[in-house]
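Note that chain A is present in both complexes that follow, paired respectively with chain B and with chain C.
Moving on, here comes the complex of A and B:
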């Protein structure tokens, strides 16, 4: 009965993450990497997860794939559902069936994501073979060649090794591997950060096209709002392991409401306006081994009051689909008057 | 007279595959108290150019004049007193600091090397003044680099560069390793220091929005050559070289209402090893014609000190 109910709820929801808490135990103390994070991804949706170094973005991604290094990582609590099934309760074997088939991952650095002593063709064929054991070798190769061509690499390069490709081409190969089994969800962890802008533009364009073509949902982890604006429908901003704001891209870009989101936008040098002086966020990122019991952005916030120290605010829905974790109703400047003062 | 005058500077490297033209015939001037931005993609020679200008690398040919003196013809000993005036801030605040030196030792090191002071008290005073200038709290003076975050480490790098009171600083991607909120702090600091101390910067970066923010003049580099050189505002208003146009159109803009028209460039960087005598951008250029593959273009003035290296600049 309960199972049925869950399936009904998650008809549209592909992935649901509930109250995820992940800690790392290190010599310097317990790093509270992810603190009570909940979000979901619908089918065919592209969610951008934005935050700075150490915010916990990659930890969330690895939790979904169940690839966290344990120890030092400990999942304190949380549930992760894929099409209604709890991934946390799956065995190793069951997970292997899911990884690469239902969920696949594109890593940041294409230089290290590929095996240097295997041809790119063999690496694409490997994932196809693993998930389609009945397929004939010739069929597998045919499919792998097709995948290469899908990402814009001529099939004749099937037998080339990774070092024979440039950075952008390698990332295309990684994307081909990720898409080979037509997964429901792709987790892309900073997929274009290691690439030059012109190559980044090519890869983003490719990802956009393929996402439309295959209808794959995507969790895009990035620190670049420009990339989010280009490719995502929804966006979640994460600070010190907590989601501080989430909503559709229109919410986040047109009227950001969390002081951190507003601060991030203000500290970006913009292309379309001339600003004499940037407005940085004061201070440095909160120490994840010593997070305060109240709002973790308190020390850097321009809007903080005494009340902020009394509690750690919860995510509050300020308008349909737009959630903000702040007790103040800060109105971020819209695009119209962005950077006017 | 410009503070830095670079004339036909070349830096070639011998590699197994042939001669790599890292910097190929670059001519530019940097006026005192201004910032020249150098942009380009990885491998275009921007860091090599910066390093050759302050003679961390010996040029293959060409001249670099600092305050009117040609530094390329000086012996190391003669150059030493000029080196004080030319400093560098490195990209990676993790790799450019000795992990076994404390903050105060790191900042004191250049002052001791050049024997700028003999008294211990004065040295301490200078170090604490420098820490104050770059916004490092005095309590950090006995900390080690690994205890500090990227932004603070980069402040140490800046303090080291400032410690010799230079006139000219090459900033090689000083904010690329930093998060945006910290990046803004460091950019503001660099601008404040420039105003206070009349510093001249050469600012190397791949980030177009950063270079637009900080530069007075910009050079766009492609495969060792300067393909476009003009005032910063002019470049963003009226880019003329096809590469600059494509580069500008490729930047993801954090605004969902701006529909970008992206100029798709074919392929990727071609090899800088033994380049053919033709326009180096031609294989990727959407406007390339026969003449572009036949001969090398010359840097031409398109008015308003806007220089472009393109055969067809007047047609497109």
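Moving on, here comes the complex of A and C:
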């Protein structure tokens, strides 16, 4: 294993995704959910994956876990490396050892993510027991109680069932499960979307603290730039299954360069300006069953030219660490206020 | 919980009264006279009239009803059989265990077959295994059980001589009737297990269990099955109730002196006390089975405990927490 690690030059990289293409084959045609996506996450780093509903964010997350529902999903091509090892080539058994231990996941909807007929304690203990087979039952329970307390739930509630918890507390339990084995990477799939705003803030704060405390890397999937500004180091904006812009959070927030990212920022309400209407991006999301051979944002773009219809541009590095998938070097002005909330 | 059980048992009383009213109503519109069945054809009109008076058949139907209920409530007297002159309760108690064991045994066997088949069918959805199980359960539900029973008889009793063709209280004579009923009970339960499992294995907590690194077998047994259990339990309870009253054909073919056969004979003989007693017993057992099924839900799904455990107890728990 050490050899393999050494073989990989960039062993600072925890996760590396290369040219991932995932299609869903349905009766109504082939849905091109993820198209040629590449990114990497370093140890202890938080990457925000931002995009609209249906942009392919969850599909990417499930690909990393190798939990895509097959059929209808098909991984057409791509490689996913965890610490230099290709996850796509792992057997079921090996994957089961990685899931929960090396990579864990926080799901979008805490209402349905917990098994309703098991106590929350048992559900935390399950993941501990799976990856620490030598631990005695009493130790496992002790650890599970500690995890509950880590996420701010009294240990006395170990034997309670999920229906006795509120939504925010359930999400805390899910986070406790995700952190129980101190994984290298947490994939958080819209962890606050199903919660109301005050609870969102609490859960986010908790995740931020725990991420710092455990030094875990995180892939945070969201459609909320506020969340990204709050806890991410890096950010990737995804549109119609493609990364259209990625870079450090400062790059994206200070001067977004892809028309889509600029459009997203323009459509956010600002606190200092009194505006009657928000400025939406015109048109609707590209139909993932009929993506054009040229730039998929063409129909909605304010900057498009004839040139845009001739090619599907590749990501290009406009400054160190800042990649944009656009032939025009538009330089949008980001608004620092968005980061403030 | 105890209060809930008591309440549910008290519900049995209006159900029984309803059942009795229907049985009495049927009796008054049913053609034929029980006296014809009891007395020889040579009996005179006076003798018939005397017998009718003795049995209380000349009283208004309301009076008959009140007398009957009074007999049950005060001395657990279900009347005497017109045919044998024996107390109906005794005759029923001799026959009931046979029907009950037959129903319980076959539904149990059917369930034990159905749950693994249903799970397999759900896990291997749209594969040849799923189709094969579909064909098996379709066959099991479409083959009439009397035909299957006869085929079994001709194969295992007549051709091979392995099993007795007529019930003789030996263990071997139970095998065929139990299997025949179990097969018909199995098919429906398999379909229900399959659809219930399919619904559950698509839910988020199953994906969560996968994300924890749990093995597929344990995801099915620990996470999915228990969540899928409620519709299955309901169907098992229903099936048990149906088999209790509906095992008549099989009882007749295998010559088993069970309740189904007893009631059918009683109906054709206009043996009213026997019919009434039998129907009441079945209705009671049916309601009781339903109660047991309902209570078993609370062991499967902790969310239901809240609705069944009484309010005071919940408050106490909340205060403690």
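Everything below uses one rule, namely that the second predicted complex is superposed on the first by the 324 of 341 C-alpha atoms of A that agree within 3 Å, B and C clash if a C-alpha of one lies under 4 Å from a C-alpha of the other, contacts with A are read in each partner's own complex, and residues count from 1 in each chain.
Throughout what follows, a residue touches a chain if its C-beta (ideal position, glycine included) is under 8 Å from a C-beta of that chain, and two chains touch if they have at least 3 such contacts.
A quick note: this is a predicted structure, and the numbers were derived from the prediction, not measured.
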Combined model on chain A where chain B meets chain C, clash or fit: fit
Which of chain B and chain C A:24 touches, first, second, both or neither: neither
Which of chain B and chain C A:65 touches, first, second, both or neither: second
Inter-centroid angle chain B-chain A-chain C after superposition on A [Cα, multiple of 10°]: 70
Touching partner for A:278 - first (chain B), second (chain C), both, neither: first
Touching partner for A:323 - first (chain B), second (chain C), both, neither: neither
First (chain B), second (chain C), both or neither touched by A:297: neither
Contacts of A:52 with chain B and chain C, given as first, second, both or neither: first
Contact breadth on chain A, by residue count: chain C or chain B: B
Touched partner set for A:81, first chain B, second chain C, both or neither: neither
Least C-alpha distance (whole Å) that remains between chain C and chain B when both complexes are overlaid: 8
Chain B and chain C contact sites that coincide on chain A, given as residue numbers: none
Residue numbers on chain C that touch chain A, as the complex places them: 203-205, 207-216, 222-223, 226-227, 300-303, 306, 321
Complex interface listing, chain A residues touching chain C: 65, 67, 92, 95-101, 104-105, 107, 109, 112-118, 126-127, 130-131, 156-157, 160-161, 163, 174, 177
Complex contact set, residues of chain B against chain A: 41-42, 149-152, 179-185, 187-188, 191, 206, 208-210, 212-213, 233, 236, 246-247, 249-258, 260, 262, 264-265, 268-269
Chain B partner contacts - residues on chain A that touch it in the complex: 52-53, 166, 168-169, 196-202, 204-205, 223-230, 249-250, 253-254, 263-265, 267-272, 274-275, 277-281, 284-285, 335
